[in-house]
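Common to both upcoming complexes is subunit A, partnered first by subunit B, then by subunit C.
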Partner chain A sequence: MSSGGFLQRIGRSEAANGLTMISPTAIYAILLLAAPLVTVFVYSFMADGPAGSLIADFSFANYVKIWTGKIYRAIMLRSLWVSMAVTAVTVILAYPVAYFVSFNVPPNKKALWLFLITIPFWTSYLIRVFLWKVILGYNGVINSGLLSLGIIDEPLTSLNYNVQAFVITLAHAYAPFAILPIYVALEKIDRSLLEAGQDLGESRLMTFWRVTLPLSMPGVIAAILIVFIPTIGDYVTPDLIGGGKLPMIANMIQVEMLKQNHKAMGSAIAVSAMLIVAGVTLIFLLLNRRFLKGQK
Partner chain B sequence: MTVSDKPTMIEFRDVQKYYGDYHALRGINATIKAGEFFSLLGPSGCGKTTLLRTIAGFEDISSGAVLIDGKDAAQIPPNKRPTNMVFQSYAIFPHLTVEQNVGFGLRRENLSKDEMGRRVGEALEMVGLKGFGKRAAHALSGGQRQRVALARALILKPKVLLLDEPLSALDKKLRENMQVELIKLQRQVGITFILVTHDQEEALVMSDRIAVMFEGQIAQLDDPETLYRRPKSRQVADFIGTMNFLPATAHPTSDGGFDVDVAGLGQCHIPADQAPGAATGNGVNVGFRPETLTILYEGQQPTDRETPGTVEEVVYYGDMTYYDVKLDGVAEPVRLSMRNVPGRPVLDIGTRTRVAWSPSALVLFR
Partner chain C sequence: MKFPALKTYAIVYLIFLYAPIVLLPLFAFNNSKVIAFPLSGFTTEWFQMMWNDTQLFKAVKNSLIIAVSSSVLSTCLGVFAARASTRFNFPGKGSILGLIMLPMVLPEMIVAMSLLVVLLTIGMPLSILTIIMGHLLICTPFAVAILSSAFQSLDRSLEEAAYDLGETPASTFRLIVLPLVMPGIISSLLICFTISLDEFIIAYFLGGNQTVLSVYIYGQFRFPARVPAIMALGTVLVCLSICLLSIAEFYRRRGIARTGAKDTGGFL
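Entry: the complex of A and B
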């Protein structure tokens, strides 16, 4: 058996074909995702020197500082709290929309509805957040409207520069991401199962509770993850809506990395944030497995 | 006690159903007795499933009335009706186990855990699935799913069990076994079974009475034997089994019957009960089943009449042989079937033969 024949055989094998096809993407991913990630991971164990230099003094010192420091902890908890609140609000608002489109919209109109739901994506995320600032701000649309109507005497402060404003902004931004997976899960439910639920003596509400909701849980969990993961790392909304007064993890990383020039500390915060996301994701994936257990 | 003595369980009074412009049910009138095994038989799109779903409450009717056990069903939502359904797809809840599926409808009865387990166990045993309770629903075969669907419906002790083509997804052997099991089960529980099927054989095997439906109307409602032997129209005759048709002329006689002259067979008298369509004049048809004709072998004499012909086609089925025989003086061949018994050789194509027949097996159609 000549080596030429061997190479030819490998070249023709399915595995080689597959590797050839994914290689551009793979190279791209390794260079732009894996390599920086490894760099950040390595940095996080180093120490910050003067003027942005790094000292190769490997320890857990940065992590200890982050997980015990009051300010860091407060910011991480705020991030977690905000993203959980956003996720809850988004998914709870998205479910009825998805349900309506799946169950009440006639089949020939569904594509149109889904298209309409994606309209917010036509504008950039940054502009949408900025528009919410215009609406919710101290001199914003709502306050000036209420002032000119004489309903309030001075601008409301409960709408701006606080966590509620974050939740409103982010819930709007991520609503389509939550609606679509829930819609897909609802579409997959065999309608005769709902008739069976009623046939077996349950009201529509109880049939929803015992049949529709459990069967749509995979979609709900997908929605939760899709909303939770990006919101916990959101940078724009705390910066614009919060006016920099209520920083979240991403803002903290930016401050450490760019303003303080503490690359090691910034990296350690980034890795910590990733750990939090990974932890939460794992919990939901396990939950999802439970719901998927009985289904194919 | 025969079925006809029993009280009425379901009554349809001029039931009409429109889907937009489409007239799906065109004036259904029928009564179904308590304890009866009743079938709705017809080709797809004839409205049989729609009619079944009006009983379950999944379809509103446009006019008329459906009465369940004497009560107008219009006011009763599906979950309050004394009916349970076995769906065509079985509709087994995929997120629940077999016993959770079977016990689904018992939640509202607030049973103790032991009582619940006992009832579910009984129901599973009744359908031959003892010991399957802990299985996941998706780990079941088609036949097992069907049994779960049956147990889940029967555990609630409904007055009427509705079956929407429950056997159509099963293979032939399993289907035939389940037919027998369903008949036994119906006798055991003694409640009304209403079966929707497009399979005429299934309907004949299982039913006390059959309603044959075409285009939203009941064409004939009778017991299986009457339906098979005395179909009221060519359409019904054609749908149920095989029937030969020969052109004929008919003249009414004083006893209510007809003197007919059938192409190829000759003249004979047909009594009134063999002419449900009451047709006279030219261009009427006479129908007869393949098994009512007999090939006469060398030296055999007919019990009634005989007519000569030529074998055109032979189809051998093992226990039976089907022949297409061209009777002298008729353009279209007729089909007849002969049981293959010893001493009765299978004939070759082209053989001249004599065919025995009897006027008592003929049915007159318009």
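Entry: the complex of A and C
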């Protein structure tokens, strides 16, 4: 019958339709993302020849150099340390704000608050980073302000060109990224659970600790990942705030690839950076799964 | 449950978020070459200095070409992916979408460098076109995320009603689906435009000798005398992006009102 044929055609065409429809985007991503990443992966096992050439001599030599070399390891540890500190500071500072918007702001004003929080994020990233250099610098806004008010006699040097300055700058830059996922997770919490907690004699603080916080954990973990991943690969902040003296992974990749013209070594650093990101992501995704399981 | 101290904290936090941005107009109008307190007087000199720089206009023109093309193209790619992923089930859906969304979780330097290595290997000259290619990669995930939620809130029965009334799939898409997801398309365009305009790493490394706005700003930081003009430029940019965001927010709310969903707030 024709109706059977029709159903069959629908069944067959669902997969075909979907694949056809997604194909322009998929092909673009395969050609310009997957293929270059595979190339970098292959290059990372090759050796660097003179003048940017590559020698097809496949080995783990580049990786051994990166993971045991003192300078490389110092830079990678610095990147890891900075991004972890930024993530911790950003998420801890952001949680109360997300909590406030979700629990204390009347529903009709929530969108306004979120809008206010996201506006600074959409202004030029470069200019925001540079502004922190201007604020924290030796002759910067804080030092000159405090000097002119007579609070200090000579400029503070603990603010500028160091890892703390990176952390302040990046914690500011990624604030909305941390607030939004936590807010979404808090919004999903069934408010009657909190009342139940209090009815059963828990204090407000204990209700927060034993009900709200665990239930909002998926949002916290999303926030951690969303802040951690871009900060570990940040190029602008070490360059502008650190004056190039405290490079991080992205700066190291750029120097190897372009300044030294070592494509193989640069590729190996890029792959190592991806491995670090993937490793941290995996740890937190596993943690998230545990929290999700705990809920059921 | 209310903790009154939280409101104070939230306001202090907002001040922290806005403090650097408030400095922009303050020093853009300040009559001193040095960015430091105390303020010394009012001037519009820095805006004139900015206005008289022909390089800036060249960079803005390049940036606009790139941002318009990347936002339009990535929204088109986003429509395909979002429609496919919300409407159909097909083998490999998860991994294809994962690949498309990958640039969201990949450090930008890695995207830029891997693309650069391939472009250099195949001998393609670096130009505005290569920047657009790179920006498409990082804008498309955002377009897909925004458009997926627009397509998701679409009621399937509306489409089926159109088929029953004799419309073809193409005319149904044009007459029913497109108008309903239009707000999503507009906010995707605006957000991709803003991302592309703001993006630095890809524009810096894939642009060859073509200067775009962000690369121009970066270059100016090397000259301390040019910094006040950058403050002026920053002031103008902040005003423009607040305007764009307000428009995006307006369309997002209208879209929510139209599909009858609840306002969840935020863009992301």
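Just so it is clear, the second predicted complex is superposed on the first by the 281 of 296 C-alpha atoms of A that agree within 3 Å, B and C clash if a C-alpha of one lies under 4 Å from a C-alpha of the other, contacts with A are read in each partner's own complex, and residues count from 1 in each chain.
As a convention for this text, a residue touches a chain if its C-beta (ideal position, glycine included) is under 8 Å from a C-beta of that chain, and two chains touch if they have at least 3 such contacts.
Because the structure is predicted, anything quoted here is derived from the model rather than measured.
Enquirer: Just from the overlay, do subunit B and subunit C fit on subunit A, or is there a clash?
Expert: fit
Enquirer: After superposition on the shared chain, which partner residues are touched by A:G201: those of subunit B (first), subunit C (second), both, or neither?
Expert: A:G201 sits against subunit B, while subunit C stays out of touch.
Enquirer: Output check: A:K110 vs subunit B and subunit C. Expected answer is one of first, second, both, neither. What do you get?
Expert: second
Enquirer: To make sure I follow: the centres are taken over C-alpha atoms, the vertex is subunit A, the ends are subunit B and subunit C. What is that angle to the nearest 10 degrees?
Expert: Reported to the nearest 10, the angle reads 90 degrees.
Enquirer: Regarding the shared-chain residue A:T68, is it in contact with subunit B (first), subunit C (second), both, or neither?
Expert: Neither partner.
Enquirer: Any idea whether subunit B or subunit C touches more of subunit A?
Expert: It is C that touches the greater number of subunit A residues.
Enquirer: Using only C-alpha atoms, work out how near subunit B sits to subunit C after the chain A superposition, in angstrom.
Expert: 10
Enquirer: Please write out, lowest number first, the residues of subunit A touched by both subunit B and subunit C across the two complexes.
Expert: none
Enquirer: Which of the residues in subunit C come into contact with subunit A in the complex?
Expert: It comes out as residues 1-3, 6-7, 9-10, 13-14, 16-21, 23-24, 27, 34-38, 76-78, 80-81, 83-85, 87-93, 96-97, 99-100, 102-103, 105-111, 113-118, 121, 133, 136-137, 140, 144, 194, 198, 200-201, 205, 214, 217-218, 221, 227, 230, 234, 237-238, 241-242, 244-245, 249, 253, 263-268.
Enquirer: Considering the complex alone, what residue numbers of subunit A touch subunit C?
Expert: Touching subunit C: residues 14-19, 21-26, 28-30, 32-37, 39-40, 43, 93, 96-97, 99-101, 103-104, 110-111, 113-120, 122-128, 130-132, 134-135, 139-141, 143-145, 148, 172, 175, 180, 183-184, 187, 194, 204, 207-208, 225, 229-230, 232-236, 240, 249-250, 253-254, 257-258, 263, 266-267, 270, 273-274, 277, 281 of subunit A.
Enquirer: Any idea which subunit A residues touch subunit B in the complex?
Expert: Those in contact with subunit B are residues 190, 192-193, 195-203, 210-211, 214-215, 291, 293-296.
Enquirer: Given the complex with subunit A, which residues does subunit B contribute to the contact?
Expert: 56-58, 77-80, 83-85, 87-89, 91, 93-97, 104-105, 107-108, 136-138, 152-153, 156
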